[in-house]
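Once you've had a glance at the structure underneath, I'll fire off some questions.
A, B and C label the chains in the order they appear, each numbered from 1.
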Amino acid sequence: MQTDTQGLRWLTTTAYNAFAIGLGILAGLMVVVFAGGNIGVALSSLFLNPVTLSGGIQQIFVRFVLFYTMGMGVGLALKAGLWNIGAQGQLLIGMVMVFVVYTSLGFLPWPALYIAMILGAALGGLLWISVPTILRVKFGANEIVVTILLNVVAINFAFFMLSGPIKSTGTALGFPHSIELPAQFQIPSIISGLPITYAVPGTVAIGIILYLLVERTPFRIKANTVGESHETARYAGISVPRVMVITMLVAGALAGLAGATYLMGYRYELDIGSFSTNYGLVAIICALVGRKNMLGIGFASFFFAYMTIGAESMALSANVPTYVVFAMEGIMMLGILLGNYLTERKYLV
Amino acid sequence: MKETKRYGITTIVGALIIIVIILLGVSAYAFAYPQTTTKTSTVLSTTTVGGTGVSTVVSTVVSTTTVSGTVASAIGALKIGIILPLTPTDNSWNYNANDAINKLKSEFGFTLQIAESKASGTDADVPAQQWAAQGYNIVIFQGGQYQAEANTFANQHPSIMSVCVDCTVANYSNVYRVWLDLSGGGFVLGAMAGMVSQTHKFGLVGGGDIPSIWEGHEGFIAGVTYTSPTAPTITNTFEPFAWADISGAQTTATNDYTNGADVVFSSGDGVDVGVLGAALAQPATPQVWASNVYTNLTAILPADNKILLGSIVVDYYTPFFKAMEAFVTNDWHWGYTKVDMASGLIAVQPGPMLPANVKAAGLALQSDIVEGAIIISFASTSSGAPYCFVNSSASTCMDKTLTVPSGGGTPTGDMAAQFNYLPTASSLP
Amino acid sequence: MTIALSDILIGVLSTTLTLSPFYIFAGMGEIVSEQAGVANLGLEGIMLMSLVTTFIVDYVTGNPWIALLAALGAAAVIGGLFALTAIRLRMDQIASGLAIYLIGLGLSFVIFNIAYPNGLTPNYVGLPPIFTNWNTVPYVGIIFLKQNILAYVSIVLVVLTAFFLSRTSLGLRVRAVGENPKAADNMGVNVNKVRFLATLFGALMFGVSGAYFAGNFVPGFQTDVIAGRGFIVLAMIYFANWKPYRALFAALSFNVVYAAQNEYVSLSGFGVASVSTLFNMLPYVFLLALIPVFGRKARVPKFLLKPYRKG
């Protein structure tokens, strides 16, 4: 009986999610119509282009890694009731740290420097989230507000670093950007020629490890209890500050790590194109869609990676601004929340 | 067991339907109401300059009637993509490029796709690769920030022409450079500003430390110093990546006006929008002025005339056409168009509200530049490179010690605009 | 540079008074909304929609006042959607707020693009100043008389909001609903209705903010033109402990710091030296520094973010 309801509940959630996604896609298509685009072209771009066009598959996996890594962090913090809206800032700091380590620890031999760059990025994200964490744990300052402020500060800080300490000379020509990472500091493909880098299995491995460490241990209950009510957690003997600190710091480290993989596995250089993205928000969406489960977030991330690339391609083909993708994401998010809510109502008694 | 009140599916679906209808309604409304009619004249107005007795028509429109049939139909068969750093709503750099390419499209009928808001080369790569996979022939990278990407892309796709606007480096033969030089335009505007200003205080708001912007600024400063009867006070504001920051530009320009400046020079993109907005918000007296770059503001937004010092009008129509023509006639390797005053592709359109003598002076100087009597160049650094921002040890190119003696003469300063000759200021109309 | 210090101070004060009302309107709206227990993270989406509406309606009608009304209407619609999700459907307020933000961000730009397909957009300068010849009055003119009526409405609004929340019965009901909805319900207060009204008020204030942004901040639209300022308001009211006068102080001082660093960077000619970006950070660091100034533990409305189910 129990498993029957569980299975049915999962099915219902999926059905609602599918409806939500369909609604988002419908909104996008409506915009295409009003802009005078061709629906057929739009649909084929949305669904087929990510796999048919060259570079599409590479981008799907790059975004999958990005959303999954950040999303795991957001999801973990969410379990404990903490919102990491600062994932975007931590991502940027992570990317900046890659170059800081590269320039300052350049004397290290290759394998050590490579690892140091990745660790440095994670450390940067961790340090960046430590400020809101401390303020929250020690002073009760709401982490949402502090992380949002720090996002803006992170952008300015990254601008500063990009215009100065890590700026590349040569063809900079007034559009500051960093140097391009030489080949031995990039993340190589698993098989040369295939668009999948080692970042993909690496991220999946992290996902599995976190799944085992979090979902399959008492930590999950601890975190959930803290998320529900601090009173209950304290009564149960759980150290609330410790759970909060662990989840937040891991979240920050993951976001910083995402910066490293994004930079070393795809972009190879830091420029202002990375500053105006909304990947932090999409990571939150993935965490919610994946219901804060370390493996579920993976599936959600893959889906959203495919969807965002398809939607951008659709916008391009239909001569519609790519901002329509934001609206689609928002509508999908609302729909998914609605679906979650409806499922809870039906099956939560 | 509590009877949970079922607002149920109907309410929610109803709400969703209402949302959908609202979306439909808003879009339909926005879509249906009368659009601004697109200007049928070209971006660049035909300016007749005189003053030394020679009248030169600065540019003409290129249309299908002046192009051979085979070339025209070959261009019509092309697939062209253009990448813009912002959106065409800036009435400046992006608007100009968008307008030019759309005019060409309506003339020749090729397939066109526009990718907007690509902040950097890596972002531009995505649509560029998509176009390459779809067999596009020409990809236009509208901005110096795409220089590295334009070259990389050209290397990956040797059969595609990679047009790079405001780029200075081409490493492959299929990179077609459109090289911008705004110094002449800046100089003419500066000269007019120096004559028309009452307070002798000037502001410049820049979008970023890149060659075209920098040259425009230095040209303006040189012009102001050239004609201003007393030593001018100049505030030159540059912030990194400022070309997208409209609100920052508006605040800076408002500050400049508050501090007593009555002319503000703006160097393009979002900065233009902000500066013009700041000027329009000033009261009618005392008169303040602002300039813009790339578009002929008098023609497209006459409501701004009351504060318009002048526009540096840049013709992208011709360079784009030349690139396409070169492509179809297979003469496009190491192709290059220099867009500056001497080539006739840049002209200054003085604001209609300027006093007649100021307008005449500006046009006289302009004709001198067009005819090659005045040549503007920039000094070499000690290492011999022509521009200091290529020199890695120079951190900034803003020259605060620039002096151009009133009435003409040799300017002094690190990277001052240099003139081979300048007529004495008193000889101007 | 022969620019007098008095000119600089006047410039800073004038800029501060021009920019602050945006934050003040939004701040008052969010304070009322959060006191009732609803945090609206979608405020920037609402602002963007009302901003777009202002531009388009002004272009069509030529009348900035009608544009303001239309902006309020747009804000009410989007705000109503948020209220539906957060109050009636009891979805997670933060998640639905962020979703509204994304929708507003995308939809506003799409609408703008459809309305101005070739990109040509007239410059919009906003509502007229209080006194058209403001520059004839020395000092006072450029600081005070240059602003439009909304700037002064915002100051009055602060007073009214403070009075409303602390002295009026409806205001007390609003606060009760945020502090202890169960008790309020037992006293006969319709909790969700009060929350709905508070959220709607908040949304309307965001609409005014968005309309104010048009002309006073930017004369035209670009991608992501509000650039996170709406989210900064969340921080401001939080550090002001949901007290209207403190929020006013936070908004004014934030903008003083912004105007001062802007002017300083401009006059000192840093050029594109990277140091100017460090100065850009100052206003935000300043806000963070307000935490110890205004007291460590913020008195959060107890039922903020918690949906209320009757019975």
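Here is the rule we use: a residue touches a chain if its C-beta (ideal position, glycine included) is under 8 Å from a C-beta of that chain, and two chains touch if they have at least 3 such contacts.
In this text the structure is predicted, and so the values were computed from the model without any measurement.
Chemist: For which pair of chains is the number of C-beta contacts greatest?
Modeler: Among the chain pairs, B-C has the highest number of C-beta contacts.
Chemist: Please identify which chain has its centre, taken as the mean of its CA atoms, farthest from the centre of subunit A.
Modeler: Of all chains, B has its centre farthest from that of subunit A.
Chemist: Return the distance between the CA-based centres of subunit B and subunit C, expressed in whole Å.
Modeler: 33
Chemist: If you average the CA atoms of subunit A and of subunit B, how many Å lie between those two points?
Modeler: Distance between chain centres: 37 Å.
Chemist: Express in whole angstrom the distance between the two chain centres, defined as the mean CA positions of subunit A and subunit C.
Modeler: 28
Chemist: Two-or-more-chain contact residues of subunit A, please, as numbers and ranges.
Modeler: Where subunit A meets two or more other chains at a single residue, that happens at 31, 34, 159, 163, 174, 276, 321, 323, 338.
Chemist: Quick one: which residues in subunit B touch 2 or more of the other chains?
Modeler: 12, 23, 27, 30-31, 87, 116-117, 208-209, 240
Chemist: Hunt down the residues of subunit C that sit against at least two other chains at once, touch-wise.
Modeler: Counting only residues that touch two or more other chains, subunit C contributes 89, 107, 109-110, 113-114, 223, 272-274, 277, 280.
Chemist: Please output the residues of subunit A touching subunit C within their complex, sorted ascending.
Modeler: Within the complex, subunit A contacts subunit C at residues 31, 34-35, 83, 85, 135, 139-142, 144-146, 148-149, 151-153, 156-157, 159-165, 167, 174, 276, 278, 281, 284, 288, 320-321, 323-331, 333-334, 337-338, 340-341.
Chemist: Given the complex with subunit A, which residues does subunit C contribute to the contact?
Modeler: 41, 45, 85, 89-92, 94-96, 98-107, 109-110, 113-114, 223-224, 228, 231-232, 234-235, 238-239, 272-275, 277-278, 280-281, 284-285, 287-288, 291, 296-298, 300
Chemist: Using the touch definition up top, name the residues of subunit A that touch subunit B in the complex.
Modeler: For this pair, the touching residues of subunit A are 23, 27, 30-31, 34, 49, 53-55, 59, 159, 163, 169-177, 267, 269, 271-276, 312-313, 316-317, 319, 321-323, 338, 342, 345, 349.
Chemist: Touching subunit C in the complex: which residues of subunit B?
Modeler: Going through subunit B, the ones touching subunit C are 2, 7, 12, 15, 19, 22-23, 26-27, 30-31, 33, 35-36, 38, 86-91, 94-95, 98-99, 102, 116-117, 201, 208-209, 233, 235-240, 244, 246-248, 250-252, 254-256, 258-260, 270, 273-274, 276-277, 280-283, 285-286, 300-301, 303-304, 395-398, 400.
Chemist: Per the contact definition, I'd like the list of subunit C residues that touch subunit B in the complex.
Modeler: Per the stated touch rule, the residues are 1-3, 7-8, 10-11, 14-15, 18-19, 56, 60, 77, 81, 84, 88-89, 107, 109-126, 129, 132-135, 142, 215, 217-223, 225, 227, 259, 262-263, 265-267, 269-274, 276-277, 280, 311.
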